[in-house]
Amino acid sequence: MPVELVVNVALAGTLTGLVYGLMALGLSVIFGVVRVVNFAHGEMMTIAMYAAVLLFAHWNIDPFVAALPIAAVFFVLGYALQTGLINPFITRPEHSQFMLLVAVAIIMVNGLLVGFGPDARSVQVEYQLESWALGPILFDKARLYAAAMALLASAALFAFFRFTLAGKAIRACADNYLGARVVGLNVHRYYALTFGLGSACVAIAGCMMVVLVDVTPVLGPGFTLLAFVIVIVGGLGSMPGALLGGVLIGLSEAMAGLFIQPSAKSMVSFALLILVLLFRPQGLLGRRA
Amino acid sequence: MNRRSLVLAALLAAGLLLLPAFAGPYLLSVVTLILFFAYAGQAWNVMMGFAGQLSLGHSLYVGIGAYVSAGLFFHYGIGPWAGIWASMLACVAAGAVIGFLAFRFGISGVYFALLTIAFAEFTRIGFDHINALGGPGGLFIKVSQRETWDLLNLRGPPAMFYYVMLALAVGAFALCTWLLRSRAGYYWQAIRENEEAAQALGINTFRWKMLAVMLSAAMTSLAGVFFAFYYNNLFPEQIFNISRSIEIILGPVIGGVGTLFGPILGAAVLTVLADSITELLAALGWEFPGVKQVFYGCVLLVVVMFLPHGIWPALARRLGLGRTAGKD
Amino acid sequence: MDLLQVTALSKSFRGVRAVTSASFSVEQGAIVALIGPNGAGKTTIFNMLAGVLTPDAGQIHYAGQAIHGLRPDQVCAAGIGRTFQIVKPFAGLSVLDNVIVGALARSAGVGEARRHALRVLERIGLEARRDMPAAALTLPDRKRLEVARALATRPRLLLLDEVMAGLRPTETDQMVAFFRDLNRSDGLTILLIEHVMRAVMALAQRVVVLHHGEIIANGAPEDVVRDPAVLESYLGEDAEV
């Protein structure tokens, strides 16, 4: 097996992994703060992908440009979802909240199936097949742009949580629900804000992803699971962990596809999940609860 | 049980026993499906409703049960009644592995659910690569439509399958009723309600949780065996799919987790309504893939939001059945 | 004869020493109170006795048997019952079913457990509410349920963790009378953590005082409450007594 092939596949996997990481970041933020298992996460990503497909098909808008308005819409929708559906459920038992989002996910996936049919759709931008060569190493332009945007979005999110008042308030709510309420924070509004942010992340990740893979309605559950694997492997409550986890999963998937068999890609991710749950449940960068 | 429940139960029993006599093939197949999901839901309920462990990967046991018995029949001609034991053993082993890994390492709640999903998905992809069992192309058992009942090989008319499923469903119901009132039932519910308090009262929670998982797995494996010999074809993509796992839990969640009638009621409601919707849509010409599932999702949403304990407890209260409404 | 012997028990949590070399014993049939300011390490000691935590060092002997490091269910099987500071009822079950769970620890079957559970409920005054869901109980009744459940396991030693907290004086007196009766008629040995001094003075035959994880006093109630070290631990060094 030529080294260049391995390196190129690894590179592609890493870049894709950064997009995965952004998707997982959205989940990490939601799960870490609101403590709701967003079972509809992957489905939301799929919807974003379809939105990008539509905007490209009808108005020729590049997904990287479409990402911003789509993210804005998703922010609003996420905010609404949390406020309308999930906030009233905060006090209910865990499996009740979970079921709620399972229901939402089912509606989303099958709604897409009804609306778009089962056939694959894709976005073909002009630079889709171009790449830069650095010696024998090939950098796919599309993949590079996607990874760059994912990093940019992540950085923006980090900055938000670090430097803004709202970000700090959200971190307070995450650390101590009761305490935050006692000091007068409107926790429910911050939860909604967080869900909105997480949704926006997922939207951007979706717009990136549609440049890399074709979209079908049934991608949803796979992405949800992948997002959870990444968050758990990277570490709950750790934003860098989500990115790291994403890169790790992207890389291992690519390597598994190369060395074992393309269909075995997901098996590696699950094996990783099982291993992490058993031996380091707080994840690579997570704090022990 | 008070008089009302007894009368209702008797009517139900009579109706179920005599169904094949007056029902057409379509209705028979629908009720068989209801019984299938009632049974599988009841088996899942043992883990969740009784012991409080949320499994979202129960398709694993259906699949393993189906493939083991079908594989034995396909390659060695071993009939289902012997194959059942191998299926149960395989599923109990799988359940034991998951349970041990989860409980030894303190994985619970959402993480446990994710673990079960991961195992099911892992197995799904794995079976796609087992060529001896057909791989992704599927495993097919010879179909022989017979008018006579060959119970030994589970070959026969739809009525035979109906009675087999009915027996399974009734058996599961009886087993769960008995379990609920036994030491196991009390201990499981204690663990479900508050594991720490349960331990302080002398309950070895690890052992009892393992028992719940293994029993649930064993019961579910029988559903898999039935599935294999009823449909006669198995595909990893279908049988291990997460949608299958979700279908299994829809009944109990809608009907009422932890109750005895919940899974049955839920399965009945869901199947009947789904079929009506399909008919309606066909009449309107709106036959698209996925419409039925959107409907499932909406029903689930409504039930989870407004009837968090499921339909059965509320219904039981209305009809004046049972002591502590919904507990029985 | 000592039913419980705690020898040089220590426990740290990530560098913070919660309990340092605590030693005390509880005689068979006695009622001993464990008191001390908040954070002194009382519940940590209880959790070590009950098997929830493993001591870093030291030993616990119960009826001559070493029980340090056993699981909570094994500790219960040995004959130690416990209640929790924040009550943990089985909310979805009825009062009777709650106690049946406890009774099953020493009963051959559900029938026998049920009979025993009803007796316990009668004794503690809860049998009128036996079919009520535990979630619907008032706080004093929840406390009683917690005690009933632990008693149903037929312990020889009962660990009570702040069972009087949140009760009104009359309710406290009722509980005190109940435990005194149990101790006198059944010979039940009781070790209780308590802040409510009214209960401590009325119940305890001996008081052990814990401060910053160390035992600073161990004696009769009247003596302990006059001990300057004890007063200092509660009121602070600068307080004038």
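Observations on the model:
Labels for the chains are A, B and C, by order of writing; each one numbers its residues from 1.
By our rule, contacts are C-beta pairs under 8 Å (C-beta built on N, C-alpha and C of every residue); 3 or more make two chains touch, one makes a residue touch a chain.
If you're wondering where the values come from, they're calculated on a predicted model, not measured in any experiment.
For the criterion of most C-beta pairs in contact, the winning chain pair is A-B. In this assembly, the chain whose C-alpha centre lies farthest from chain A is C. With centres taken as mean Cα positions, chain C sits 44 Å from chain B.
Mean C-alpha positions place chain A and chain B at a centre distance of 32 Å.
Between the Cα centres of chain A and chain C there is a gap of 49 Å.
Contacts from chain C toward chain B in the complex involve residues 50, 52, 71-73, 76-77, 81-82, 84, 88-94, 97, 100-102, 104-105, 109-110, 113, 131, 133, 149-150, 152-153. The part of chain B that touches chain A in the complex is made up of residues 48, 54, 101, 105-107, 109-111, 113-115, 117-119, 121-122, 125-126, 128-129, 242, 246, 253, 257, 288-294, 296-298, 300-301, 304-305, 308.
For chain B in complex with chain C, the residues that touch the partner chain are 181-183, 186-187, 189-190, 192-194, 196-205, 258, 323-324. On the chain A side of its complex with chain B, the touching residues are 37, 85, 92, 94-96, 98-100, 102-107, 109-114, 117-118, 217, 221, 225, 228-229, 232, 261, 263-264, 266-267, 270-271, 273-274, 277-278, 281.
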